[in-house]
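Notes to accompany the following structure.
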């Protein structure tokens, strides 16, 4: 009988220890970057070297979009409000792509600090509302931030 | 006066290791399978060196995973068929603890040999030294998790005809995270980016599996034998 | 309390009670789904970013929620079947798996359809999408296991172990959008304190979600009834019930 | 009936067993006091094996429970240490030798076992010369004898044996009779199913449970 | 008066198909395994669409091969364990012919479902229509060869504990030519080069296997049971 | 001795068997004329099963040969069609029903079998009610009975049976006695190993081969 109780206690202790250790390790992992996702500020700070493939996310700076003469290549700049990254992409852009839109681009930095993307995905924010409401909020300056922006702020 | 749990645990571990040692020829099997799968891909993909280098770590991990999967089938089957497993469950000692000895034996006999030849394969795939260390470290943390998770699936499918395939179906979702973080670590190392977060995740999975799996496996064995 | 529960969970009583509830549940589900569809497709305004295309949300979000909810339901039923040997719980776990798999498939299909329009890709291996795919495989594994084991009691216990092992995946699905930088958007509605969605869009969504839930309840009861008949086909009460 | 259960070593209370869609037995109860042999009889397929697995704790009854010294057997390690079960399968590792198998069995059963008592057990069942042969090289009767050796390692109160005489030769059957007699005289209880005749000396308490096909 | 060989052959085929049909749930297993292996690679390789497209056909072939390999284990095992195989060899009819019925049943139950989902995977991997046809044709010629070759290995390893791994080790070199020509054909089609020579080779292998394998398998079964 | 072989249905000539590193028997010869039962006896592990497998053609003897109607049995389909073997394993597909198993057995044995004779065989062994149950759901004795049904499908001249009484209940043992008697009276031969007593009516030709442990 006594052994039974001792065993149960041991069992619970092991469970707590195991799950606790796992939680600790996971939280340590989340302190670091697991997904090759970098903000323009991190890129500007030189956290990635040219040639390393990674993803960069941010808002397309209004007025920065220029079509190249070949008709299929675009250049624009991305920002997280603290720094900017110039991006070049050749291919079909997503429907949602427009100035001020959140996007995630994948590619590499060339030697000059230009990000050459091989894929551009749109990442809209999590707000759903009719256009009139959006306009009104914008006019008041009360439009909620794009979630990507919020997450990127330290 | 009863023998201690530790004695029984050791006896089970020793028994399984002895059984494997008796079939020394088979100790090599997972390793040969592993090496063969890894060398099948160059055959299937043609000899594009650049392509191979970039898919190399992924292939090594998938190979290790499949080798483990195949060897798992034998984890309880023989014992089930000859009635040894019945006797194990009838023991006064907690089945989950005894089962953990069997799983450990499985890892020692299949996971460790895989680890031992990984450096060789790393050289063949032309991986830089850092990536090789990371591959080894990842497998060191990952293969015990594979053995552990595998044991649950094997226990669940015990005695079912064509259990082999069912095991794979059950295991693939369970193995996927190990694969993602294990292969991810090597990929990261190849790009000279930080690998520690991957190791944390692999470690977390191992910690969870070590504590929870023996209980689940013991329960699964009881279910399989109870009918 | 226990006596009440065991009486409630007795198969013949449950069979009859479920038979009475099912027509009502179907009616409620049909009403809610219809209201939600009209509300979502006709009444709700267009979105300021996505235009009309966002309307797929009225199917995607409820089915994604149900994919997770059904798994939790199945795991809960499995656990109580395992611990207290409640037969009814075994049956509920078994019959809800294919429904859960169907919801998951629907969430995956609508999600990638939507992603093709909005993100410019059908599929990415990000944490949210991958973990949902694994959830789908977990359902399939559970069903394959049930199909492979003939003895129902053994199948139930084996399924319970598998379902409980897989529960780890659910929080990962839910929190993946916060833990990792996924392409998938973060919480809109499930930030209950302050949903970032206007009421005109929210109410059809919630109506649809409720409709899905009631549909699930009705479908589970129907399937459970036929499972009960099959299991107990040699019992006196079933023979009476069927010949009556 | 329930009042006698407390005194009994092994008692079955209102057991019911369903296999597939047949109900094999219902409301089966008995109580065995120390030193009693219960013979379970009945035609093929009546449910003897199913009953024995329930008594051993390997399977769960549909209804009812099994008690050992007044306690339910589920999850009771003391019962597990006091019970020996021998089913259709012998439970030996085929690639291990006779001696290695016995050593593992002792550790699992929880009987501390000096080498001498292992040798003693092998001697008793007539396998002394085969201590170092792998079980895979033994004949079916020799394997059954090894299973008997496991039975007599360390004293156990409850024996549950499913057709123990299968594959045993004449000498083996006599040997088993002797072991069983000693066990019962040592105040153990035994539940045995067999289609062969068990001859035991007079004075040993025997009960017979004859299962009949339920409609 | 004895029944004809054809009757016995049909009886064996029917029996094996019936056995599979009884476990309808399991019919899907090779397919699910196949699909799962094919989707493991994106996990291990990370999400690079270009890389995936170029390794796609190789992965499909390796996946088919592994699915076949796993399902092979069950080809004779249950029959061996319950003594049915003994009875098959004791029959007055030539064992090689009866065995060919078992192999055909295996292909019908595992190879054919794989074929049926290949078009789907082809679409997922974004293969052009021509390459998809070639992939399908290659698998149509290749999977029966896999079942046939597999049966020899399974027969040789019957009754050995951990036969599963041994089978793989024996089979990987035998399967390699099928893999090379099968994946080669798709690669060639992707480059819009002629694929016929590959098909000739696959056909030659199949012809050889169909004629020789049943004899070899029957001999291997006799050897495995004789001891 | 060799002169009588021609008349014999089944004859063993100078058989020797070695297993592992032990020689089990050497120079073993016998000849059975129609209507004879050969009982193989001896203690556990002496080599009965090994001998029976050689006689059935499943294993090859170290030396000597087995003849059937004067011909060596190796690769002789007529012998294969005339011989039934029942070993430790019953040889049923577990997921198939009783009836399906019998049908396959008939096709494999080469006995053209109308449905009626299948039903008849099931009736005889007492499995008529279980025709549609998968064998996985039968008890050990019921499975053994199914194996007996296979034996009596289509008349065969030679029966080779290894412990056929295992797992059979009393009624089953009586049943088997009857089947064996009919077989022998129908001028068949049988080679049987068993540790239990076979009671046969007087007038049936019986021989006993007692194997002894060779030094």
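Labels for the chains are A, B, C, D, E and F, by order of writing; each one numbers its residues from 1.
Keep in mind that, in the parts below, a residue touches a chain if its C-beta (ideal position, glycine included) is under 8 Å from a C-beta of that chain, and two chains touch if they have at least 3 such contacts.
Quantities reported herein were computed from a predicted structural model and do not represent experimental measurements.
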Contact-count maximum falls on chain pair B-E
Compared with chain C, which chain's mean CA position is the farthest off? F
Do chain D and chain F face each other with the same patch, meaning over half of the contact numbers show up on both, or with different patches? same
State, to the nearest whole Å, the distance from the C-alpha centre of chain E to the C-alpha centre of chain F. 37
Centroid from C-alpha atoms only, then distance chain A to chain F, rounded to Å. What do you get? 76
Distance from chain D to chain C - Cα centre to Cα centre, in angstrom: 47
Identify all positions of chain F at which a residue touches two or more other chains, and write them in rising order. 88, 94-95, 134
Set of chain A residues in contact with two or more other chains: 30, 34, 53, 119
Residues of chain B that touch two or more other chains sit at 19, 23, 78, 81, 94, 161-162, 166, 169, 172, 176, 180, 184, 208, 212, 226-227
Chain E residues touching chain B - in the complex, by the definition given at the top: 19, 23, 26, 29-30, 32-33, 36-37, 40-41, 43-46, 51, 54-55, 57-59, 61-62, 65-67, 70-71, 73-74, 78, 81, 160-162, 164-166, 168-169, 172-173, 176, 179-180, 183-184, 187
Give the list of chain A residues in touch with chain C in this complex. 30, 34-35, 37, 55, 57, 92-97, 101, 104, 119-131, 133-135, 144, 147-148, 151
Interfacial residue positions of chain C with respect to chain B in the complex: 82, 130, 134-135, 137-138, 140-141, 144-145, 148-149, 151, 153-154, 157-158, 160-162, 164-166, 168-169
Would you pull the chain A residues touching chain B in the complex into a rising list? 7, 14-15, 17-19, 21-26, 28-34, 36, 49, 52-53
Which residues, counting only chain E, touch chain C once they are in their complex? 23-26, 28-29, 32, 36, 39, 42-43, 46-47
